[in-house]
Amino acid sequence: MLEELKQEVYEANMQLPQLDLVTFTWGNVSGIDRQQGLFVIKPSGVAYADLKPSDLVVVNLKGEVVEGDLNPSSDTPTHTVLYNAFPNIGGIVHTHSPWAVSFAAAGLDIPALNTTHADTFYTAVPAARALTQAEIEADYEGNTGKAIVEAFEQRHLDYEATPAALVSQHGPFSWGKDAGQAVYNAKVLEVVAEEDYHSLQLTRANIELPQYLLDKHYYRKHGQDAYYGQNNAQSQTHAQHEK
Amino acid sequence: MLEELKQEVYEANMQLPQLDLVTFTWGNVSGIDRQQGLFVIKPSGVAYADLKPSDLVVVNLKGEVVEGDLNPSSDTPTHTVLYNAFPNIGGIVHTHSPWAVSFAAAGLDIPALNTTHADTFYTAVPAARALTQAEIEADYEGNTGKAIVEAFEQRHLDYEATPAALVSQHGPFSWGKDAGQAVYNAKVLEVVAEEDYHSLQLTRANIELPQYLLDKHYYRKHGQDAYYGQNNAQSQTHAQHEK
Amino acid sequence: MLEELKQEVYEANMQLPQLDLVTFTWGNVSGIDRQQGLFVIKPSGVAYADLKPSDLVVVNLKGEVVEGDLNPSSDTPTHTVLYNAFPNIGGIVHTHSPWAVSFAAAGLDIPALNTTHADTFYTAVPAARALTQAEIEADYEGNTGKAIVEAFEQRHLDYEATPAALVSQHGPFSWGKDAGQAVYNAKVLEVVAEEDYHSLQLTRANIELPQYLLDKHYYRKHGQDAYYGQNNAQSQTHAQHEK
Amino acid sequence: MLEELKQEVYEANMQLPQLDLVTFTWGNVSGIDRQQGLFVIKPSGVAYADLKPSDLVVVNLKGEVVEGDLNPSSDTPTHTVLYNAFPNIGGIVHTHSPWAVSFAAAGLDIPALNTTHADTFYTAVPAARALTQAEIEADYEGNTGKAIVEAFEQRHLDYEATPAALVSQHGPFSWGKDAGQAVYNAKVLEVVAEEDYHSLQLTRANIELPQYLLDKHYYRKHGQDAYYGQNNAQSQTHAQHEK
């Protein structure tokens, strides 16, 4: 069932340790088949060294396991909320990458301070609000997803143009048109968080990028008039992210 | 004598360089056989590249060498105090991992600022007080262990729920149900120390986790109602620490 | 066409990931044949793992593609401006190396605070001013090059003695007598940026190097009276940068 | 000539890249035969990948080359001054390791803040004063050595108990009973500089170690009453530096 998608999501999961985005196995990737309304996700508590494509668990958009002998990631309800709320995404990644966690623990957005950011994220990456005690006790992982969606609604953000969020006190989620692009976005987020941390320590000046520079860099790579890479006017792919 | 335990403790020692927790050979791991009341520990001053399981030294709970041609770690009296004071632990690790040392030198606890912390440590990881001159001169390594125990008593901490401490001016000790879990906890401590350092530089707001979030994350993984991983309602194992 | 130069520029490009100067493929190197007035540059959006010497694109000093099936780097107009303005340079590198980006995002020069800096850069490495909206919309990449040239003119800097600049909000460009030396200078810049960041956090004293120390270190390695390395009174080469 | 010493110094040089203490070839190690009054040192400007034991240059205590086809390190006069001033040392290392450089550029000592420091350095590691213009122009490398010696004299430091110094604006020198121990001390210095940087950012309290803790840790490893390692009451060796 969904063998091709399992292979793709398996490979995306295995990129996390290669890109230094996980300690131990603190991360998970999922990918969705929109036509069948089913996504596949890493099982909970399986080490990357032991993971096989056949270990991946198939889940429907109600968050119910459809196939698989193992428990799905404990973050499955968060993935379910995001797939339902963001209909154009094909893959989701959660990590505890340390620079993004440092901003999340501080409850701060990752601001748009340089063009590395603007190439992938059209705005600051929002830190969703902390959950209340009632939300945590009632449905922790589901409400985590709802807080992300709420942040995008309240700030009128486009989830395709800003394909990541921080969960306050916790860490980053990112997404993309498929699992591989979601992993790519997770890495960009971590790199930008590290750079921003140091920029913010170097100066107290307002160094947020002006809108016209965000426009330039973002649309140089995305949409009709993109001229970056070898396949302009197409959606960007992983390999095209050179500058 | 205790060949199986020696092999296990040997492997746990060899994880320290693999996990970037030691420079040169600045670290040691021990593991205990509670029924026999004997623990095995790395010999003092043997490089990891040269270490063999048969080099490990067997010590009793009075801190006396029972078997072994080499001197045990100079920190053996600290291990002895901790095994006596904390009857449910099966392994102990000491390292000079740099982020934890930075907090220890500053005399500061590693606060609970994110869920990576809460997944393993139910409270801040306490910095035990600095020793007095008299304590240092009388029994330095033994009093190091006593200062850790004192910190847990004075703050009414559960050593199983907070399986690590900092020794002020020195560095971290961690422990667990066995030597492997103690190493795992040493790595979590180092990762969290790095994240906390950066969070504390990013904001002056009070960002300590509320108790209900500590409860949620800690008990998601530990105890009767744990639902993380593949073997719920069991004690966590190394491989189950995925999120 | 220009097969030898392509090989040289290919090898210089491949040094970027080896020297930890790029994430994904965020960097590009070019090298010029001054007699023919043609330079070769990395194609846009090709992953380093897939890059072959024959993929490199040949461009003239008007910025027009002369040979090559792939689109050249989107930064080609910046390279073109620099080759025209700086007639003695033979190679140019652009990266998003994170420490240099942190200074660029803060809009700050990389100051001359230590002799590692002075060995390669005779002055602070200037941060060119941010572009205006009109400049960005009219000819973003070309105006990026012009802002670098303007910084050197306004500060009366010698581009051979200070072979790098930061583009504010963006990242570093460096150059040299050939592509290999430009990569070397890119690495020095990143190392110095990291060191300077920490020095600036450690003290508020004025720690800029005095002119006589800049003179000593720079001319120990460069020009007629150089006595560093095995080939004194010659221009420095990559291998001679030992201290 | 001095083939055994050349091999030993060659191996010590090759440890520098292995221990992440050099970028490119920015470092050099020497070792001395006290009976013959000759030391061997890395040639200037030779890449580590190309270095052979036979490339090492033999120099006498006047700083004159006695054997070798290559120019010795440009820092040879500094090594000469230190060998003459510190008669019990057998090896010297100079690097541009980045954390030590950050303190050197700030003109700050590396303070004694933790026991990792005290195990190797009995006091703060002094930052020698910056040289005057006259000193730089007259005999830069020789006066660099003299400023280090002056710092030890003025502060009444024991060069055997504090086997390293920073040269302000430049970087660290370290030494030891042989070249291998000097490299070991260079690594300890770099580790401690990193830890101290973070401790100093975490707190404004006075966190310098008390003298009795320096005594305890230093003499646990050094001198008559040492009890660390397998060969007590002997001078420490590289392999014995485990804690």
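Note that the chains take the letters A, B, C and D in the order they are written out, and that residue 1 is the start of every chain.
One rule holds in what follows: contacts are C-beta pairs under 8 Å (C-beta built on N, C-alpha and C of every residue); 3 or more make two chains touch, one makes a residue touch a chain.
Only a predicted model underlies this, so the values are computations on that prediction, with no experimental measurement involved.
The chains touching subunit B as well as subunit D do not exist; no chain touches both. We define each chain's centre as the mean of its Cα atoms; on that basis subunit A and subunit C are separated by 33 Å.
Averaging Cα coordinates per chain places subunit B and subunit C 46 Å apart.
Residue positions of subunit A with contacts to 2 or more other chains are 201. Taken as a contact graph, the chains are arranged in a single closed ring, with each chain touching exactly two others.
Taken together, the subunit C residues at the contact with subunit D in this complex read 113-116, 184, 187-188, 191, 194-196, 198-199, 201-203, 205, 207, 209-210, 212-213, 216, 220, 227-232, 239-243. By the touch rule above, subunit A contacts subunit B in their complex via residues 23-28, 42-47, 50, 70-71, 73-75, 94, 96, 98-99, 101-108, 130-131, 133, 136-137, 140, 169-171, 197, 200-201.
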